[in-house]
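Paired with chain B in one complex and with chain C in the other, chain A is shared by the two complexes that follow.
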Partner chain A sequence: MFLETVASSISNEAFVLGMSAVGAGLAVCSGIGTGIGQGNAAGQAAAAVGRQPEAKGDVMQMMILGQAIAETSAIYGFVVAIILLFINPLVSSL
Partner chain B sequence: MSQLQNDPIRVIPKRVIQLAFLFTFLIAVVSILFKMPIINVLIGYWIGVVANLINFRLIVVGTKNALDQQEKGVKKTMQMNLVIRLVIYAGTLVGIVLLLGTQAFISAIIGISMVRIAIQTDGFFTFGYGKNGK
Partner chain C sequence: MNPLLMKFAIGESDGSGLFKIFQSEADMNPIVNPTVFNSVVLVLVLSVFFIICGNAVKKADPTKPSRGIVLLLEMLVTGIEGLVEQTMGLKHLNFAPFIGTLAAYLVCANLLGLLGLSAPTSDYNVTLALAVITIVVMVGSGIKAKGIGGYLYDTYLGDFPFLLPLNITGELAKPISLSFRLFGNILSGGIIMSLIYQALGWFSPLIAPALHGYFDVFSGVIQTLIFIMLTMIWSQGAME
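And then the complex of A and B:
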């Protein structure tokens, strides 16, 4: 009964906009994995430098390449969120 | 090891700029073919490239700081560093999509992927590198 009342009072456009906002929030969650991964990589690198200080230069160079590559997945999730929020492709297809 | 692995801090920005000029030409051609606003698209692309280079610099600074710390403090430093970079990306992309439009936004996405493209196209730049002792 309650759900029927709610469903009849919400327009299609409002529903799609709301779901787009939920999808945008979920897409941004991809940043969590990137953050944890980069933090772990940096922690392991710090431990490696602690064990072998003379390898600091090599560790840093490899880590920079890894960080730059890993960051992109967070950006992609972020781009999806911005597309859902600002360009609204789902609303325009109604 | 390639030149990129030997000295990524100097080589990557140089390659990003080289690739950015090539991509500018390609994006201009595509914009003309599909009748898109070429100025907006190119401005969006270059803003993306500049944001990406700034964030690469932040990665380098953050990594240098991280390796001088203890292992426990490093995770927090790197996560804060990532949040700062994402905020920069957010400001850039939202600004572009609101001020310059959808087509400029798409080119800005290419712009902010330039460091990754530069790393992944290492093989094209170093074709024949290391042969005959060179």
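And then the complex of A and C:
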């Protein structure tokens, strides 16, 4: 009943745009895994520096490099969200 | 300079011009796209700067301790050569000029966001071009070191021929991941900064400098480091 009223009252473009926004929000959820992974790497690096304080420079460099590479999946989600929001590829296929 | 061109090149100073990157291709002349224009200007400025520096180094007296710009350049060259030697080994020190060029361009391009300009690397055209250059260097150095047959065999078949589909996907993913990583990082920083400026208005100078420090300086330098490290690691992997 409610869905029928909604479906008859909004236009196709508005529906696709709204769903694109929802999809963009879902795509940015890929940052969850990245956050967990980066936090894990930082914790391990802290433990490594605690065990071996003289290797701080090497550990730091390796941690930042690994974290930046682990960030890739979040970046992919972000790029998908940006494409959905600003280029609107789905509207043209109506 | 043509004022219209200036407007396109600089965009709105509060960063709201950023969202037009994707939208206004139709009403904007593609040749003076602001990011590409900024990129060309940056390349010209860097070229002139390094030509002047090269002349200063040529005139410098090698018997005296160097100072001023010559000392700075010596530190730069020593740092890049040390990084290349540490990552790729002394044998591949001839990669240092390429890596240094890449690093100089990328650092300046990423830091351009500090001046209120749109960073060239927040345009996918620029990062894709850089990634393609890196891939061409990687494949070229691999072919030069091992020959076409040896390179293709080592890269795609190797010891485990049944991994061929995985290897092909991995090689195709390299330029995509390299370009999207740089593009996404710099663009996300720019978008967050423009959102901050729009949300806070006149109060934005209270909080913006710290965020500029993270999104432009830290993120830009780290992404430069990642880019050149991956270039070196992949090129060395292709040669061995």
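Rule of thumb we're sticking to: the second predicted complex is superposed on the first by the 94 of 94 C-alpha atoms of A that agree within 3 Å, B and C clash if a C-alpha of one lies under 4 Å from a C-alpha of the other, contacts with A are read in each partner's own complex, and residues count from 1 in each chain.
Assume a residue touches a chain if its C-beta (ideal position, glycine included) is under 8 Å from a C-beta of that chain, and two chains touch if they have at least 3 such contacts.
Predicted model only: the values in this text are computed from it and were never measured.
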Partners on chain A (chain B, chain C) - clash or fit: clash
First (chain B), second (chain C), both or neither touched by A:55: neither
A:14 touches, of chain B and chain C: first, second, both or neither? neither
Which superposed partner A:94 touches (first chain B, second chain C, both, neither): neither
Which of chain B and chain C A:82 touches, first, second, both or neither: both
Chain touching more of chain A, residue-wise (chain B, chain C): B
Which superposed partner A:31 touches (first chain B, second chain C, both, neither): first
Partner chain(s) touched by A:22 [first = chain B, second = chain C, both, neither]: neither
Colliding region between chain B and chain C, picked from 27-35, 45-53, 63-71 or 153-161 after the shared-chain fit: 27-35
Common ground on chain A, meaning residues reached by chain C in one complex and by chain B in the other: 64-65, 68-69, 71-72, 75, 78-79, 82, 86-87
Contact footprint of chain A on chain C as seen in their complex: 19, 21-23, 177, 180-181, 183-185, 187-188, 191, 222-223, 225-226, 229
Residue ranges of chain A touching chain B (in the complex, touch as defined): 31, 34-36, 38-43, 45-47, 49-50, 56, 59-65, 67-69, 71-72, 74-75, 78-79, 82-83, 86-87
Chain C-touching residues of chain A, taken from the complex the two chains share: 64-65, 68-69, 71-72, 75-76, 78-79, 82, 86-87
Residue ranges of chain B touching chain A (in the complex, touch as defined): 4-9, 12, 55-56, 59-60, 62-64, 66-67, 69-72, 74-79, 82-83, 85-86, 89-90, 93-94, 97-98, 102, 105, 109, 112-113, 115-116, 119
